[in-house]
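Written below as structure tokens is the structure these notes are about.
Naming follows writing order (A, B, C and D), and every chain is counted from residue 1.
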């Protein structure tokens, strides 16, 4: 393929980052009532980001690579690199940011402090794209920590005592782990002599063997730092608490930004810093796999006991995230592909579920599963999207989630870790056990009086604000398409296999 | 032991006695005069101690320093006394009585949740 | 005449002359003075930055005599960095003060406290500025003493521009501490002159001071300067003074004035004494660690906005002393265990420590000015009184938040880079105690910054009267906070200037 | 609550200045008394003392053994270069040539102290004898007639003498200041006030002269305050004259323009009705004083 000059522009990663940073800063200086300008800026940034990422995708597929660096101090630079793995995450966050922005504009209409909300919303995505394209550990930590503080105003957005408490829990976990991460990162630099990310890792296996305790500590520090955001047991506690945030924030936290930053961090840790082989030799990968497996089952069991819809989704997130960690920790290319593709699949499916939960809560005031009786009759489109997401989570074909589990299973067999199959099966059963009753309630139960009585007013033409329904349907469509069109090289699976082909192991 | 040694030792004594007064005396005038005397002690040392190597050649540099130091001390003492007057006029007391540590703007405020 | 002579003259004598202009007492003389002072200080520091980057440390033989007969102005990277950050902070605060103190022509300059503050802030601050620049450029012990006295007198008077009894007492206490500190310093100078027969820092460094008299004078000067820098446990004077002063004065005192005596301490310990003794360095580091913990915990317990920031200064100054043990020639870990210290990182403690000092100057000035905006708006200082102010002063809120990021060492900020470097040095040297202190201090910082932000965001309690805040005051705070953030993504030039001369410029 | 324009406060101070009682001695005397009851406990006094004794012994022992081994020594260097300074008195050479920068800053310290004192409070401008009484006091009048011209003449002489003998601007300035204080206390001369422009110009003249000369010679000699050949003596003499007058005015200012007791505007300063450190009200009658405030 002929590469146009634009496709070889090395500052393309910077442009992607700036496409949300600039609107974010601009919004900060707007007045509260400048709604139209704010929305325009938001949407323009989101569309521009998708377009720029599209350019990069084309370029990378054609063999180009992008690198932009700003020297902060000698030998320590902010490095943005657009490679295949980075693009997997960047594409996910760019596309989902676009739909979430549309959703959020409608969801927060008439509410207070939207200027602050959208400014930090944009900064959040900036930090996420930044860490996705981080070319070294310093840059990664830079954006990772920035993401932490940029998310805080979103978590406490409602300003209620409950929200502020949740915000404190969130910061307690993430900043505490962030501090450990920084120490781990600096320690890594001291011992390894570099912070660069490289496929296959930069740690010398012989050095690890010589000083196993030091390296175990470094790995543990980095894992704690990354693990808290990817909600690995036992440092997952902040995530269900953070549920008090507005629905778009939950969607962003759980599908796009924060948790994915953690999961992506675990991937980088195993794949670009230590290298999966070295990680297995030192036993660290086994620890990750074990923790992830335990988290998968444990969080699913916790989800069973919840009545609050968003809490169920939160525990489901905790569980599903560990698929990613599990996949990238196994010493097999197919498991790797499964883990990586689940980064995308979990994102599009989980964001669908959160969109739907927000729609139901916003339109009918229903937040608990026990009140969801008959909701499907009132909001058929929403519940159709919800159903697709839920079935995907369980892992039923043809929704995308099935593919993740399939490849994970294949990989586990390939790696000789057949116990993983048992974990996957147990998890699928548990997923079914908490999702199917929700669907049953929504479709087959009588309309619950808690919302049905309030339904006097004439209905809008759509079942709810179209700017919220369309994003939910879109992401549900993505979830189906990712499963149905998996054979295409442009599908998430195709891209994940492309990454593996480019060399991970 | 030469007279110059004695001068220097006297300087040390004056300095430390004055420092003692500054630390232990509560009245502002004591403190201000104590600081002034500390300077005097240093000036004695400065004039006497370096001169011992060659008592016959006067070293103009310490003399210059002392002259400068005296003027600086005058300025500092004048401001300190002026400020002491201001303290007396605002608090009605020649001691540093308004304990800034305890003078929180509103001690009755509820403990902020932490 | 070369650039060195021109720019050092501008940096020291420009603000001094400007102070005399500002003494004119008319509104236009105040403006002209502040403009002249800011302009010369900025030009001087930037000019020296270029000179020092190009040719290394430069000197200006005042009166045409070199040391030891005369006094030399001497600029290395450390001097230039401090000069520049002072100039940037000073220019912003000068701009801020024009609005904060109000229009002199409308005030009764002689009789009302507000009028006196409006009239005398500029000359006092410009004198102080000249003294600070003098300290950063001085290579002579006695000259340092005289500059210190100008600094001390003007700084105490800045506190008592506030007329409350609390501020008056705090200012008096500050003056006493400051003068006693100067006297201890002067005694140290006398002992050094007796023992070594010179006042030139460079000649003293060449003499490699050692022995009981050298140790005694270092101890005396250290106690004196530590008191002025408010190093734990000599910090008790600082919070009431910095919290009680008018906002622009608080910003200057916390951001740049304490750095003057810190600068002298660093020069003495490393440039002159070559690191002195390991035990002494460990002691300084230990006091710094105690300052971080004690200052942060007390900051968390304050209920007035400016006192939180003032205690934060006590804590943040502690970070600057963590640098001391880490700078020791072989790197002093608490346990003494030594990792594979890479030779190219031997400057980490130096650049990291000074970067933290610079970032604290920018961030703390921004935070005090932002806090000044909030208290200006509600004419009250208790944390609960600033409720909801974030919604009325979003720019000040942003400035405070960005400054807080820098103090806490979160990106993007110079504090993040500085802490990265300090941690790198501490880990290379196996100093896990310092690693723990740096990390815990950062988390405590977040806690108290967040405490303030939470109050400012609290919508429900916001009510009452609100004095409109001039836009210029909001911009001044925000610009400094942005400078701290910018230094966090681009510090290469600063890093390199700090290596011009480095820790021991005369060795 | 009173603002800066509170008429009552203005009346009170106005009355005070008319009757000529800037310092109310009845108020001041108890403030100067000290029975030591506020000092720390005796044990503290002793402990600090016990700490300082070994410090003193160490310093004394150290000083006895201390001697520089520098060569050439600074006195020799000064003697060698004294002819280039334009003056023959080595101390003056140090003060105004070798280390002229220190002297410049020393005058700046004086200026700083003066500005700082001005900023403390509205100055107490009227004190001492009632105006015009000096004429009726024969002894005072005679002393004034004798002492003031003598002091003036001596000051001029000391300034000029400084270049060759131990004397100079500061000694002269101190003498002049003494005469000034005498005249002010006797109410022959109106006390100079911070508001008077000439006072400020003269007081700033010392530093200004130094800086202007320093910068003016910079293009010719390449260094600040490096006097061109042949210019040293006239420049130093001119500077000494400016310094003497400036020092005199500053010292008189430091003497007379100090805070008065009780504070003339104490009502507005000590009550502190608002959180504004400058005592400014938020807006006229905007907020009532916080009832919880002490």
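Following the convention adopted for this analysis, a contact is a pair of C-beta atoms (placed from the backbone, for glycine too) under 8 Å apart; a residue touches a chain by one contact, two chains touch by 3 or more.
Please read these numbers as outputs of a predicted model, since none were measured by experiment.
Separating the CA-averaged centres of chain B and chain D is a span of 16 Å.
Chain centres here are Cα averages; for chain B and chain C they lie 24 Å apart.
Centre-to-centre spacing of chain A and chain D amounts to 69 Å, using the average Cα coordinate of each chain.
Between the CA-based centres of chain A and chain C the separation comes to 42 Å, rounded to the whole angstrom. Counting only residues that touch two or more partner chains, chain D has 59, 63, 66-68, 73-74, 78, 99, 102, 106, 109, 112-113, 116, 120-121, 269-270, 275, 290.
Contacts with at least two other chains are made by residues 142, 146, 149, 153, 156-157, 160, 163-165, 191, 193-194, 197, 244, 380-382 of chain C. If you draw each protein chain as a dot and join the dots that touch, the picture is not a line, a loop, a star, or fully joined; it has some other shape. By the definition given earlier, chain contacts exist for A-C, B-C, B-D, C-D. Those residues of chain D lying in contact with chain C across their complex are 4-5, 10, 13, 58-59, 62-63, 65-70, 73-74, 77-78, 81, 97-102, 105-106, 108-109, 111-113, 115-116, 118-123, 194-195, 197, 200, 203-204, 207-208, 211, 214-215, 218-219, 221-227, 264-265, 268-270, 272, 274-283, 286-287, 290.
Within the complex formed with chain B, the chain C residues making contact are 142, 145-146, 149, 152-153, 156-157, 160, 163-166, 168-173, 175-176, 179-180, 182-183, 186-187, 190-191, 193-194, 197, 199, 236, 239-240, 244, 300, 302-304, 307, 380-384, 447, 451, 455.
Contact residues of chain D toward chain B in the complex are 28, 31-32, 34, 36, 38-40, 44-45, 48-49, 52, 55-56, 59-60, 63-64, 66-68, 73-76, 78, 90-91, 93-95, 99, 102-103, 106-107, 109-110, 112-114, 116-117, 120-121, 170, 247, 251, 254-255, 258-263, 266, 269-270, 275, 290, 292-294. Touching chain A in their complex are the following residues of chain C: 339-340, 342, 344, 351, 391, 394-395, 398, 405, 410-412, 416-417, 419-421, 423-424, 427-428, 435, 439, 442-443, 446, 450, 454, 457-460, 488-492, 495-496. For chain B in complex with chain D, the touching residues are 1, 5, 8-9, 12-13, 16, 19-20, 23-27, 29-30, 45, 49-50, 52-54, 57-61, 63-65, 67-68, 71-72, 74-76, 78-79, 81-83, 85-86, 88-95, 103, 105-106, 108.
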